[in-house]
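Next come two complexes built around chain A: one with chain B, the other with chain C.
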Partner chain A sequence: MEKFIYTLKKLDKRWIYLLIFLSCIIPFWYPDMFPQEFSTSKETQRVYDIIDGLNEGDAIFIDWAFDPTLQAELLPMAEQTVKQALDKKIRVFIYYPLLTGISLGENLLENIKKEPGYENIENGVDYIHLGYLPIGVDMVLFSMYSDFKATFGKEGKIFEGIKTFGDIKYLISYAGSAHPETYISLQPRFGFRMGAGVTAVVGPDMVPFLQTGQLDGMLFGLKGAAEYENLRIKAGAEKKFNQKANAGMASLNLSHIIMFLFIGLGNLVYFYERKYKK
Partner chain B sequence: MKKEIPLLIGFIATIGWYLEFFMAGKFFENWKMIFTTGFRNVAIVGLLVGMVNVLRVNYKKIKYNNDRWYSVYQMFIIALMVFFGSLRGISPGTPFDAMFTYGFVPLDATVFSLLAFYVASASYRSFKIKSVESAFLLIAAILIMLSKMPLGEAMWSKIPVIGEWIMDGPTSAGKRAILFGAYLGGLTMMIRVAFGLERSHLSE
Partner chain C sequence: MDTVNFVIDNTILNPAVQRWMSVLFTIMMLSFLYRDNPLYKLGENTFLGISLGFGWVWSWNRIIVPYLFVPLKDSYLDFQPYDLTLVLWVIIGSTMFFRFSRNKGWIANYWFAFVFAYVAGYSIPISVQALFIQGANMMKPLLEYPTFFEISKWFVIIFGTFAGLMYFFFSKPHRGLLGKTARIGILILMINFGASFGATVMGRIALFIGRAQVLADNIVPSIIITLSITIYLFIYFKYIKKEPGLDDELMH
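Let's turn to the complex of A and B:
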C-alpha cells in the first residue's frame, strides 16, 4: 500500500494531462459509451418557448460576446437559436461586443446557408451582422434606443419597422463572463426582455437574475446547448446537422469521471499520510 | 483650471447620467445621442493611441534586443492582418478570414483548452478534505458537476434537483451578497467622483 501511495504522491502531472486528453478525445469515436438521455432544464425550455412563441417578422437581437476560446460551449447555443429564429422567419440581428467574435459569427451563418432549408436566407434580409462598435455595451444600448439603424450605420430590408431597440422582441446574450450583467443593469431603465447563454463556469453567477425574472431563461454550459439541440430535434430539426453539443456529452462525462478519480486518489494519499505518517 | 474643468465635467456627466436613469424622457433623449457619439469618437481615437503604443513598445524591444524576435513576429502578424483586411475585407472566404479561421481560432481555443489540464492537475494536488468546510465544498462541487453532466442524471434522477437547489439556495445567496456590496461600492464611487473626492482618473 505504501508503495502505491508513494507512486501516487510522486505522480508526474503529465500522466494526468495524458488521461484528461484521452478522456476528451476517445468518446468522440464512441459516443454511445454513456447514456445519452437527459431531461431539459426549465431555464433552457423557457428560452426555447419564448423564441418559439414569436411571430413571423419579429426580430431578435443576439449579443455575441464570445470568441474562439469559448466556442465549444457557446457556438452550438448560438447556432441553434439562429436556426430556430430563421425557421420561424424571425429576423436576426447579431451584434459583436468583441472584435474577435465577428468572423466566428459570419462563418456560422455561411455554414448554416449550406444546410438544406437555409440556402435562401440572405444577409440584410433575414439576418444581419451589426459588427463591432468601439464603445461600451451600455452606450450601445442607449444609442440603440435613440436610433437603432444609425447606431450601426448598416443598411438592409431587415431594418424595416425597427426604429429603436424597443421594436426588438427578445435579446439573448452569449458570453463567458459577467457581460450579460451590463444589459441586466439597464433592464429596469428600458424594460426589454432578455435571456442568456453562458459557459458552465459563469452559470451560477447568473442564477440570481433568473430568480428575479430579469433573465427569462438561460442556456447553461455544454449541457444547456445539448438540451436546446434536443428540443429542436424533437420539433423536427434534422439530427445530422444539430448534434454539435450532443457530440461532446460523452467526452464531458468521461473527463469528469477522470477528474473525480484524481480528486479521490488525491484524498486517499492525504488521509493515508495523516493516519500513518504522524 | 487644469483641475477644475475635468472635475466640473465629471460632476455634470455623473449627475446627468444618474438622473437620466430615473427621469428618462424627451429632455434627455436629445442630448444622450451627443454623449454616445462623443464616446464613440473618443474610443476610436483611443484605439489609434493603442495602436501607436503597440508600435512604440515593440520598436523599443526590437531596437534594444529585448525579446526581439517575439516583437518582430508580432509586428509581422499585425501588418499581415492589416494588409489582408485592407486588401479584400474581412468577410468569409477572404485571406483575412482564412488567417482568422485557420490561425487565430485554433490557437486561441488551444490556449484556453489548456485550462482543463491545469484544473485537473490542481484538483488532484489541492482539492483535499482538510476541514468540515472543505468537505462541504468538495461535496457541493461534485454534486454540481454531476448535475451538469448527463451521467449524473442517469445515476440518480434526483442529482439535477440537488444541483439546482445548491445553485438556487446557498450559491445564489452568496452571489446576491457579493453583488449588493459591489453595487453599493459603485454608488459610493459615483458620489465620490461627482463631488471631486475621487481623483484617481485625473492622475492624482
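Let's turn to the complex of A and C:
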C-alpha cells in the first residue's frame, strides 16, 4: 500500500494530461462505446418553449457577445436558436457587442444556408446581422427603444413592423462573461423578456437571476447546448446537422470520470499520509 | 496582383492547408503541457500577433472609418450645425493622447472625469434598482408559497450570508458560538467555491473538446504532426537545451 501511495504521490502530472487528452479524443473515434443519456433541465426547456411558442413573423433578438475563444460552448447554442427561429419563420436580428464575434456569426449563417431546408433564407429578409456599434450595450438598448432601424443604419424587409425594441418578442444573450447583467439591469425600465446562453464558468453567477424570474431560461455550458440539440432533434430536426454539442458530451463525461478518479486518489494519498504521520 | 491572389488562394485560403495549420497550431500549443519550448512560444506569439492585427484592422474598418472619417468627410462637403457635436467629441476624445506627455497629461483627466461621472450617474441608480427588483422577486415565493423548500432556502441564504461574514470577522477570537458560526461560514464558502470550480473545469474541458474534435476529424495530419513535434521536442531537450529554465522548474 505504501509503495502504491508513494507512486501516486510522485506521479508526473503529464500522465494526467495525457489521460485527459485521450479521454477527450477517443469518444470521437468510438462514439458507440460511450452511450450517453441525460435529462433536459427546465431552464433549457423554458428557452426552447418560449421560442417554440412564438408565431410566424415574430422577431427575436440575439445578442452575440462571444468570439471564437468561446465557440466550443456557445456556438452550438446560437446555431440551434437561429435554426429553431428560421424553422418557425421567426425573424432573427443578430447584434454583435464584440467586434471579433462578427465573422463567427456570419460564417454560421453561411454554413446554415448550405444545409437542406435553409437554402432559401435571405439576409435582410429572414435574418440580419446588425453589426457592431462602438457604444455601450446600454446605450444601444436606449437607442433601440427610440428607433430600432435607425440605431443600426441597416435596411431590409426584415424591419417591417419593427419600430422599437418593444416589437421584439424575445431577447437571448450569449456570453462568456457577466454581459447579460447589463440587459438585466435595464429590465425594470423597459420590461422586456430575456433568456441567456452562458459558458459553464459564468453559469453559477446567473442562477440567481433565474430564481428571481429576471431570466426566463438559460442554456448552461456544453450540456445546455446538447440539451437544446436533443429538443430540436425530438421535434424533427435532422440529427446529422444538429449534434455538435452532443458529439462532445461523451468526451466531457469520460474526462470528468478521469478527473473524479484522480481527485479521489489525491484525497486517498492525503488522508493516508495524515494517518501514517500520526 | 494575379500572382499574389493565386499564391494566397493556394496557400492561406486553401482548405487543406487550413486544416493542417489548425492541427499544427493546436499541437504546438499543447506541447507546453510537456515543457515550455520554442514551438509553443511561436504558436503563442503568432496567435497574439494575429489577434492584434485582426482586431486593429476590424476596428479601423468598422469603427474609425464609418463613425469618424465618413461623417467628417460628409460634414466637410455639406456642413450642418449639428456636425459641430461630432467635431467636439473628436477633440475631447483626442485629449486622451495627452497621457503620453508628462507635462500635459492632466488635460486627459477631463475626459476621464466625464467618463467616470457618466458611469457613476448612470449605472449606480440602474444597478440599485435591479438589485431591489432581484431582492423583491426572491421574497415573493416565500410569501406566496411558504413551502419547506422555500423556507429552508431562505434559512441557507440568510444564515449562510451571516456565517460567511462571521468568518471574516477578526476582532474577536474564533471561539465558542462565533467559532462555530465561522466554521459553518467557511463550509458554505467552500461549497460555493467547489461549485464554481466544477463549472470552471467543465468550461475548460469543453474548450479543449473543441480542439480534440479538430484533431479527431483530421487523423492523418494529427498523427504526422504529433510524431514530427515529438521528434523535435526529443532532439531539442536532449541535444539543444540542457539547462532547465525558471519556467520549467516552476511548472514541474
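By definition in this document, the second predicted complex is superposed on the first by the 275 of 278 C-alpha atoms of A that agree within 3 Å, B and C clash if a C-alpha of one lies under 4 Å from a C-alpha of the other, contacts with A are read in each partner's own complex, and residues count from 1 in each chain.
By our rule, a contact is a pair of C-beta atoms (placed from the backbone, for glycine too) under 8 Å apart; a residue touches a chain by one contact, two chains touch by 3 or more.
None of these values were measured; they are calculated from a predicted model.
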Please determine whether it is chain B or chain C that touches the greater number of chain A residues.
B
For A:Glu106, is the partner it touches chain B (first), chain C (second), both, or none of the two (neither)?
first
Touching A:Ala200, do we find chain B (first), chain C (second), both, or neither?
both
Looking at A:Asp12 after the superposition, I want to know if it touches chain B, chain C, both of them or none. Which is it: first, second, both, neither?
second
Figure out whether A:Pro35 sits in contact with chain B (first) or chain C (second), or with both, or with neither.
first
First (chain B), second (chain C), both or neither touched by A:Ile184:
second
Quick one: is A:Ile25 in contact with chain B, with chain C, with both, or with neither? Answer first, second, both or neither.
second
Name the residues of chain A shared by its contacts with chain B and its contacts with chain C.
13, 17, 20-21, 24, 69-72, 100, 102, 134, 189, 200, 203-204, 208, 211, 221, 223, 252, 255-256, 259
Give every residue of chain A touching chain C within the complex, in rising order.
12-14, 17, 20-21, 24-25, 28-29, 69-73, 99-100, 102, 131-132, 134, 138, 184-189, 199-201, 203-204, 208-209, 211-214, 221-223, 247-248, 251-252, 255-256, 259
For a test of understanding, state which residues of chain C touch chain A in their complex under the given definition.
30, 33-34, 51, 54-55, 58-59, 62-63, 67, 122-123, 126-127, 129-130, 133-134, 137-138, 195-196, 199-210, 212-213, 215-217, 252
Of chain B, residues touching chain A in the complex:
21, 24, 29, 32-33, 35-37, 39-40, 43-44, 46-47, 90-93, 97, 100-101, 104-106, 108-109, 111-112, 116-117, 119-121, 123-130, 138, 142, 144-146, 148-151, 153-154, 160, 164, 167-168, 171-172, 175-176, 179
Please output the residues of chain A touching chain B within their complex, sorted ascending.
11, 13, 16-17, 20-21, 24, 34-39, 41, 67-72, 100, 102-104, 106-107, 110, 133-136, 139-140, 142-143, 146-147, 151, 189, 200, 203-205, 207-208, 211, 220-221, 223, 226, 249, 252-253, 255-260, 262-263, 265-267, 270-271
